[in-house]
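What follows is a set of structures to go through.
Presented sequentially are two complexes of chain A, the first with chain B as partner and the second with chain C.
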Partner chain A sequence: MPSRAERITDILLAILAGLVFIVLYAPLLISTLFSIVEVKRGQIQWETATLVWYGRLWENQSILDAIRSTLAVGVISVTLAAVLAVILALYVEWEGAIGRRLIELVVYLPFLLPPIVTGLALLVFFSGLGLDRNLLTVTIGHTIFVLAVLYRLVLTRLQTLPKSLVEASADLGASRWQTLRHVLWPHLRSAIATGAILAFTLSFDETLITVFLAGDQMTLPLRLWAMMRVGFTAEINALVTIVLVISIGLTILVGMRLQSDEVREE
Partner chain B sequence: MGLSLDAVSKSYGAQQVLAPTTLQVADGEFMTILGPSGSGKTTILRLVGGFTRPTSGRIGFGDADITGMPAHQRPFNTVFQDYALFPHMTVAANIGYGLMVRRQTKPAIAAKVGQTAEIVGLGGLLDRFPSQLSGGQKQRVALARAIVCEPKLILLDEPLAALDAELRRQMQFFLKSLQRQIATTFLFVTHDQEEAITMSDRIVVMSAGRIEQVGTPKDIYYAPRTQFVAGFFGDNNLIPGHVTGNGMVTTALGTMPIPAETDRRERDVMLAIRPEKVLLGAAGSGSHQVSCRIDDVTFIGAITQLRLRPAAAPDQVLTVKLTSDRTRLGLESGTVVSASLAPGDIALVEVS
Partner chain C sequence: MVSLPERIILFMLVAAGPFLLIVVPIGAFLAMSFFRMENQQIVHDLSLANYAAFFSSWTYVKTLLLTLWLCAEVTLIGLLIGYPIAYFIWRRSGRIRTILLLLFVLPLFMSYIVKIFTMRSILGLNGFLNQILVAVGILSEPSQVFLYNQNAILFTMAVIFLPFVILPIYLSLERIPRSLVQASADLGADIGTTFWHVILPLSAPGTIAGALFAFVLALGDFITPQMVGGANGFTFGRVIWSQFGLAYNWPFGAALGTVLLAVALLAIVLGGLAAQRQKV
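And then the complex of A and B:
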């Protein structure tokens, strides 16, 4: 039986954890709430509860465009980053690799630096090259930004692969491509999928780097930003809620996949 | 013909793990590389398999120089120490992997896999995954996978190390009979001398990156040429001696003739004699007699082991192994017996 003091400690900890959760999530709930009801003179007008603002979003062409851009940037940059991550991880794990530390630094740095620095650096780089800023530059920026996440997950998974499996494959007559396809890929694919979801979540929400690189193009976070400057409307709250639900959903998915990987490895 | 290593060496940076080594393995031979860990035995296997490149020297197979040939082009297959079964493939897919990457047809692969599974005794397990198999079964899958492509040479890297004693004995006989059945050269790496003696046509004993001795199991067992080999094969009696030049060797146990056909140069040597070759009581003609006191008697089942202290050299211990006998009398601690050493049973071991 836990003693009285232990029980009190448990209760206090539970209360504290509850408070932290409320502080963290209450603003999010308020956004969601305000996307459904109206507030007049500090009073919630429950009778005005409606989902009409969500419907309005689908009639707003600029928002639909922003969603399309965000998805396109996310899918393309995650795909590029995944390919790059696999190539880099394979190279770094290869026994003859040189410049391992440099590669890791180059991969991790854009992710670890403040986004404002990464964004500004990319902006200077692109304008130096004379490249117009548009969704292409945004895609390149996002690729560089999310590469670290994919690389880390792929590398970690690759390191759990016994070297003897690769040797066994070669020993049995498989070329490097055949080994990649029949041994490495089945081992890596779930890590790549997890990394891709996580990277997509990051790309989906990414704002600061995007601000520097987007030119006159709009992704969803930029559209939201622009709308907020005009004023806080129920439409904005509806959009925030959608972004939130998608982000949280993807994050939970990643968490579940990482957990099930751990279970499998045990 | 066969496999040849010609002054092959391997270094990692400044550290030499294999001194220049020359070795021939004949076609169809069961050759064992025996040595403690760090002796370079696995390095030889990895060099032959093509998993690492030699720092110097040449590896040949048949008439071809295969020194620089990548692993996947060599007509050899390996049974790895950890089996290295592909965890995401069934037993059938594991066994058929070598055929699959050679783009054979599905029916041809299935037929060959079924046939090979029967040979190694895996029929009925083809749909399982490696995680559902016992250690012995994994071992058989690894074997089947290595023989299915009919390689010219099979490399085995301590394949029995992870099995329990009983299973290991079974697998030793099985491997030996399999080798005869498929008439393929086996290059077998182990640190277990009993395993090496039971299975091999010839044994290469290695220590510290060098070959100590190459020979048949009987050569190695009865006529160790170096102190390391004599010591590695269990409980050899080692007695320091000095060859005097006239065909005699002086030891603390007296002076005796050296075995015929050995080097008669004057030098320090070690005499090695197997415990079961030390005879008690009535001696054959020409044997050297040593008067000893029995120090200790241990009954080990089929054999009884005695420790003797020669009267002339109380510091020297002679270990004797006798076939056990319920009614043998007089073998008790403290009894004085006469031990005899026949010149033909003594090996001269060079002192380095």
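And then the complex of A and C:
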């Protein structure tokens, strides 16, 4: 039976959690509200409620371009990072590997360093190579940024597989490639998918590195930033709501997948 | 068995990509900090002049110190609010615990830019905070004191980075065996004693990790200070950014960036050592 002190502590903690919850979710609450209704002198004008701003978004060419850029950068960088992550994880788990710790350190660096350092390092690097800044440089930046996440998930999955699985496959005369294709791949697939969704979520929102690498190109966060500097309109709030709902949806998907992995392992 | 030369070649093949795209850029960045500007051109002479210029200028050093203080405050607020919330989530069970955890981690992935602008619309002259305070009668008219100063930066960063503090603390709480808490209770310790002598020390590694996240993220942030700090809100990250923008002095900016990197690495190493000591 919980003591009186425990109950009071729990009530106080619940109040704190509630307050923090409201502050953390203010972006979603505010943008959703203002995308639908007008507010005049602190009064919500319910009669102005409309979803017309969500439709208008699809007529705004600069927004559509930014969405297209963000999707292209996200899909390509996640794909590249996934391929790299699988190769690196397989190598690190291979018994003949050298420099394991060095590889791990390098892979985790862009994730550990302050984003301003990663962004500036790439900026200096690309300008030294004489490369113009555009979506390609953004894609490379995102690739190394999300690599750590994919690598971690793939490596963890590889390490949970029993060694006997690979040994049995070899005993039965399978080549390394056949073992990878028929024994490891079915196990890795779901870890890669989870990592890819998580990586895409990060890429979708990445701003602090992107701002150094985009040149005159615009990803969605940069477009939002530029739009919001001018001032808030119902249209911007509609776009913000959509962006937040996509991020939240993807994160819940990752959470559910990680949860079901845990259940399976138990 | 694969021979050593073959192993080295394979290593180079596998590591080539990450090294080219991660190690080389960081190397180029560090090298840049030893160059200098002349007539708007980067001159590739190696010298420590940029570092000397930084350490001999009280304005820059002061900005760094104030930024470190700001980051320490962000970290402290993060821990003071983040720890109780992680603890609250950990004390629930089953589905409620999972859902609560998800709810408090989700904001991590919500648009960073949107979060900053939301804080602006809360703190601004016509913002929600002013409207509430005026409506309740605490203020007679809307105040400008909430936005465009150091406190606005502090408050915004504390909110944005809070989920980064909650998650690692929760994860380390989760690793504490329930039997230990039970044993402590069986031996007659009340909830307070158990918390101070069992739970708090055992969750120290996660607490340190959360503190590091908040500190390093706040240290490198340059958009929050610009958007909510206004003219009074100068931070070290913002100074570095301006060197790569309007001020256009990449070598000096790179030197300042290297100082920031060194401080971040120092914090990570110190945090790592502290976490290690806790484990023993």
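The rule we apply is simple: the second predicted complex is superposed on the first by the 255 of 266 C-alpha atoms of A that agree within 3 Å, B and C clash if a C-alpha of one lies under 4 Å from a C-alpha of the other, contacts with A are read in each partner's own complex, and residues count from 1 in each chain.
The rule is simple: a residue touches a chain if its C-beta (ideal position, glycine included) is under 8 Å from a C-beta of that chain, and two chains touch if they have at least 3 such contacts.
Since the model is a prediction, treat every value here as computed from it, not as a measurement.
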Combined model on chain A: chain C and chain B, fit or clash: fit
Touch count on chain A, higher of chain B and chain C: C
First, second, both or neither for A:Ala17, with chain B first and chain C second: second
Touched partner set for A:Ile192, first chain B, second chain C, both or neither: neither
Chain B versus chain C as contact partner of A:Ser169, first or second or both or neither: first
Contacts of A:Leu28 with chain B and chain C, given as first, second, both or neither: second
Following superposition on chain A: angle at chain A, chain B versus chain C, Cα, nearest 10°: 100
Chain B versus chain C as contact partner of A:Val107, first or second or both or neither: second
Which superposed partner A:Gly99 touches (first chain B, second chain C, both, neither): second
Lowest C-alpha to C-alpha distance for chain C against chain B (Å): 6
Parts of chain C lying in touch with chain A, wherever the complex brings them together: 1-2, 7-8, 10-11, 14-15, 17-19, 21-26, 28-29, 32, 81, 84-85, 87-89, 91, 98, 100, 102-115, 117-118, 121-122, 128, 131, 135, 159, 162-163, 190-192, 216-217, 219-223, 237, 240-241, 244, 250, 253-254, 257, 260-261, 264, 268
Chain A-facing residues of chain B, complex: 49-51, 70-73, 76-78, 80-82, 84-86, 88, 97-98, 100-102, 145, 149
Complex interface listing, chain A residues touching chain C: 3, 5-6, 9-10, 13-14, 16-17, 20-21, 23-28, 30-31, 42, 84, 87-88, 91, 96-99, 102-103, 106-107, 109-110, 112-117, 120-125, 128, 140, 143-144, 147, 201-202, 205, 207-208, 211-212, 221, 224-225, 228, 232, 240, 243-244, 247-248, 250-252, 255, 259
Residue ranges of chain A touching chain B (in the complex, touch as defined): 162, 164-165, 167-175, 178, 182-183, 186-187
